[in-house]
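In order of appearance the chains are A, B and C, and numbering begins at 1 in each one.
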Amino acid sequence: MRVEALCKRFGGLIATDEVTFDVQSGELHAVIGPNGAGKTTLINQICGLIAPDAGRIIFAGTDITAMPAHARAALGLARSFQITSILPEFSVLENVALAVQARSGTSFRFFGRVDAEEALNAPALAALAEAGLESRAGVAARHLSHGERRALEVAIALALKPRLLLLDEPMAGAGHEETERLIVMLSRLKGRFPMVLVEHDMRAVFALADRISVLLYGRILASGTPELVRNHPQVIAAYLGTGME
Amino acid sequence: MPSGRHFAFADRLRTSSGAELTPILIFAALALLPAAAALAGQGHLISLFMRVMIFAIAALGLDLIVGYGALVSFGHAAFVGLGAYAVGILAAHGINDGFLALAAALLVTTLFAIATGIVSLRTEGVYFIMITLAFGQMAYFTASSLAPYGGDDGLTIHVRNTALGFDLLRHDQALYYVVLASLVGSYLLCRALVASRFGRVFRGARENRIRVETMGFDVFRFQLVAYAISGALGGLSGFLLANATNFVSPAYMSWHRSGELIIMVLLGGMGRLHGAIIGAAAFLLLEQWLSDLTEHWKMIFGPFLVLVVVFARGGLIGLAGELSRKLRRG
Amino acid sequence: MSITLLIVQVLNGLQLGLLLFLIAAGLTLVFGVMNFINLAHGVQYMLGAYLAVMFYPGTGNFLAALALALAASLALGLVLEFAVLRHLYDRDHLDQVIATFGIILFLNQGVKFIWGAAPLSLPIPEMFSGSLALMPGLLYPVWRLVIIAAGLATAAALYGVVAYTRVGMLVRAGASNAGMVSALGVDIRRLFMIVFGFGTMLAGFAGIMIAPILSVEPGMGDTILILAFVVIVIGGIGSIRGAFLAALLIGLVDTLGRSFAVDILRLVMAPSPARTVGPAIASMLIYLLMALVLYVRPAGLFPVKGR
């Protein structure tokens, strides 16, 4: 995926300022930056929930800049949300089965019990297993703990057979143990498909990222390998500080 | 239950699968009613319950979009009216064939649903309620101005629809069973829809629209199809209503009627399908009983509605569920 | 089509618009600040009229009847709020619609029970009866001018209160984000009561003012309720400014549409179909307008919601 010169203003506020970066196949590209740097706005533009004012987004060889969100998702662009976004009244299994369904042919089928479709349930269970949730399959999603909801988000994203996964602060609000579990899960997924990880937790970022881009006031301050970014003077001054590992 | 593995699905599904007996009982009772009524000398009950079933079909269609999709339409009566007018207008031109009339009713209502749905579904919340109300009013005023078809006073239909030339529906008994069959058919259709792939997406969109969109589903299209099906069911109801009452009038489309349909759905218990049937029965029977008691029955019915809303969430089905839970415990 | 007729109908449209504004203002505030759909607002308008009719014979004086009816209107509204509506604030809109629908049924029947179904009337106060010659050959009823004046005065006062007082600021903030206002320490329940009471009084006031020229009967609130909802939807829920502009627009469109629809249609079709289609289109005009506005701006012209 490639983002070229993306721009977005909200009135007087420039949220995205000529942002250009790309994600190579199989890599995990982290986007970091202080609060208010425009990270979530950037993600929203990539997945299609906000329209940019200028610039292009190229994905899977296609210019998707004008495509609505559901069409991008159908192309393989999957995302998890910073504020957990699941279907609370559906069971955990059904949440993921719906995602599987999105990739399994048409949903304009009006007859036939969908909850009996093994072709949907089996891959859903597999995705749940990857996320460590298979024991909670029958529970209503609203009964899940915060960390389990995060894992469900990842399971949903996996079930979508993504060609690119956008992760919007998956560690947000997670305790130490949960963060560890998520890091392990994400490192297992690395390499299967490219991922863009927006995150604050530096431990996770430096443990997982192949490349890091630093966003400040909507602009890319620096972009490169973790080593490069860690030692970049401007990044240290603006964001990392000298006390970090 | 699917493939040997028993999953306890979300609470709502659990209770409804346990209560699968209820719809069967309802239909059995309805099937036996004409005979029982004749025996008890209460022949008038046949036409009363025919009305109940006819409105139950419309309520089913409404429950589909309100209960499962959270699309509160305040213009549903328009579909009933349009279906009825299809019968009436054709009859006024000498066309009495039932199949033609039904086809016309379904076609008109589906088209109206698609046309209005395209505009309405771009809005949400109270704006959706208002715009569906507006379209309902437009249909109402159009019908009122159709002077050749009775205008405000309505149109009498002298002969009920015939089927392939046979005057089948002339007797209430026959029409009753046609209506019952339509109700059962509509119910099964809605059940299948809700449990299908389509239904899952539609229900999911009610839970979290953005999540479903970012999974790759064009929610607007799903909602439009559901809205069209709901409208067609309203049209079926109107077709049957015109035949049952031998009369058609703009009042069938008034916003009061739309409100009553919503009440029926809520009263029975939203999102349970057979709740729509129970709600229609409860509403019409209560209306009948109370109006026999006093001409000021609305002064009792009004507060009753308020009490139902405040205390009986989940309608009558919810109440019954709570009662049975309390009885089992105590 | 004479100029006189046009001016008369424009004034009638203004009068209807301002009347609608009085009703819509309360409705949009209640909906905007409290997120509460109040279908019973229409019966509050009706009650105002009935109360005025009730108090007039005893006092023999319109102003006294007005004052008493306003007070009673407010009292009844607050009782309703306390007894019933308060329990519905946290419920979803569907529940609110049904419950307030039930209140409509109850009160419509209630007035029939107390006062009978026959339409009642109230005489126009002596000094405002008769017509004024606005132009040679143009006589316009004085009372309608009074309504227009009262409507404009109320609008100005409302604007003053909302824009320049503390309460007004709280109301504006509440319409934008009630949760935040509550979190800042404002007693949101008191604010709700003030907003609701005020809205009720405005509706009652409209009913009282219209009583002398319209027949007072059960169900008179229903049609005006729908119009008021159309107004607030077009204007944007929570916005007084939107309600004002939309109310004037609707008043003018509806009045002028009904008067001149047939004539306008005659320009493009034969007289007979024009006479049939005309009234139908005239009745639908405001709904077409609303559909058009919502198509272009799904949240109305001046949406306030910051949520």
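A few points about this structure:
Here is the rule we go by: a contact is a pair of C-beta atoms (placed from the backbone, for glycine too) under 8 Å apart; a residue touches a chain by one contact, two chains touch by 3 or more.
Since this is a predicted model, take the numbers as computed values, not measurements.
Viewed as a network of touching protein chains, the structure reduces to a simple linear path.
The greatest centre-to-centre distance from chain C, using averaged C-alpha positions, is reached by A.
Work out the mean CA point of chain A and of chain C, and you get 49 Å between them.
Centre to centre, using the average C-alpha position, chain B and chain C are separated by 32 Å. Look at where the CA atoms of chain A average out and do the same for chain B: the two points lie 43 Å apart. With touch defined as above, chain B holds no residue shared between interfaces to two or more other chains. Of all residues in chain C, those touching chain B in their complex are 31, 37, 84, 87-88, 91, 93-95, 97-99, 101-110, 112-113, 226, 229-230, 233, 237, 276-277, 279-280, 283-284, 287-288, 290-291, 294-295, 298-300.
For chain B in complex with chain C, the residues that touch the partner chain are 66, 72, 74, 119, 122-127, 129-131, 133-135, 137-138, 141-142, 144-145, 147, 255, 259, 262-263, 266, 270, 296-299, 301-306, 308-310, 313. In the complex of the two chains, the chain A residues touching chain B come out as 47-49, 68-71, 73-74, 78-79, 81, 85-91, 93-94, 97-99, 101-103, 106-118, 121, 137-141, 156, 160. Partner chain A is touched in their complex by these residues of chain B: 2-3, 7-12, 192-193, 195-201, 203-204, 207-208, 210-219, 222, 225.
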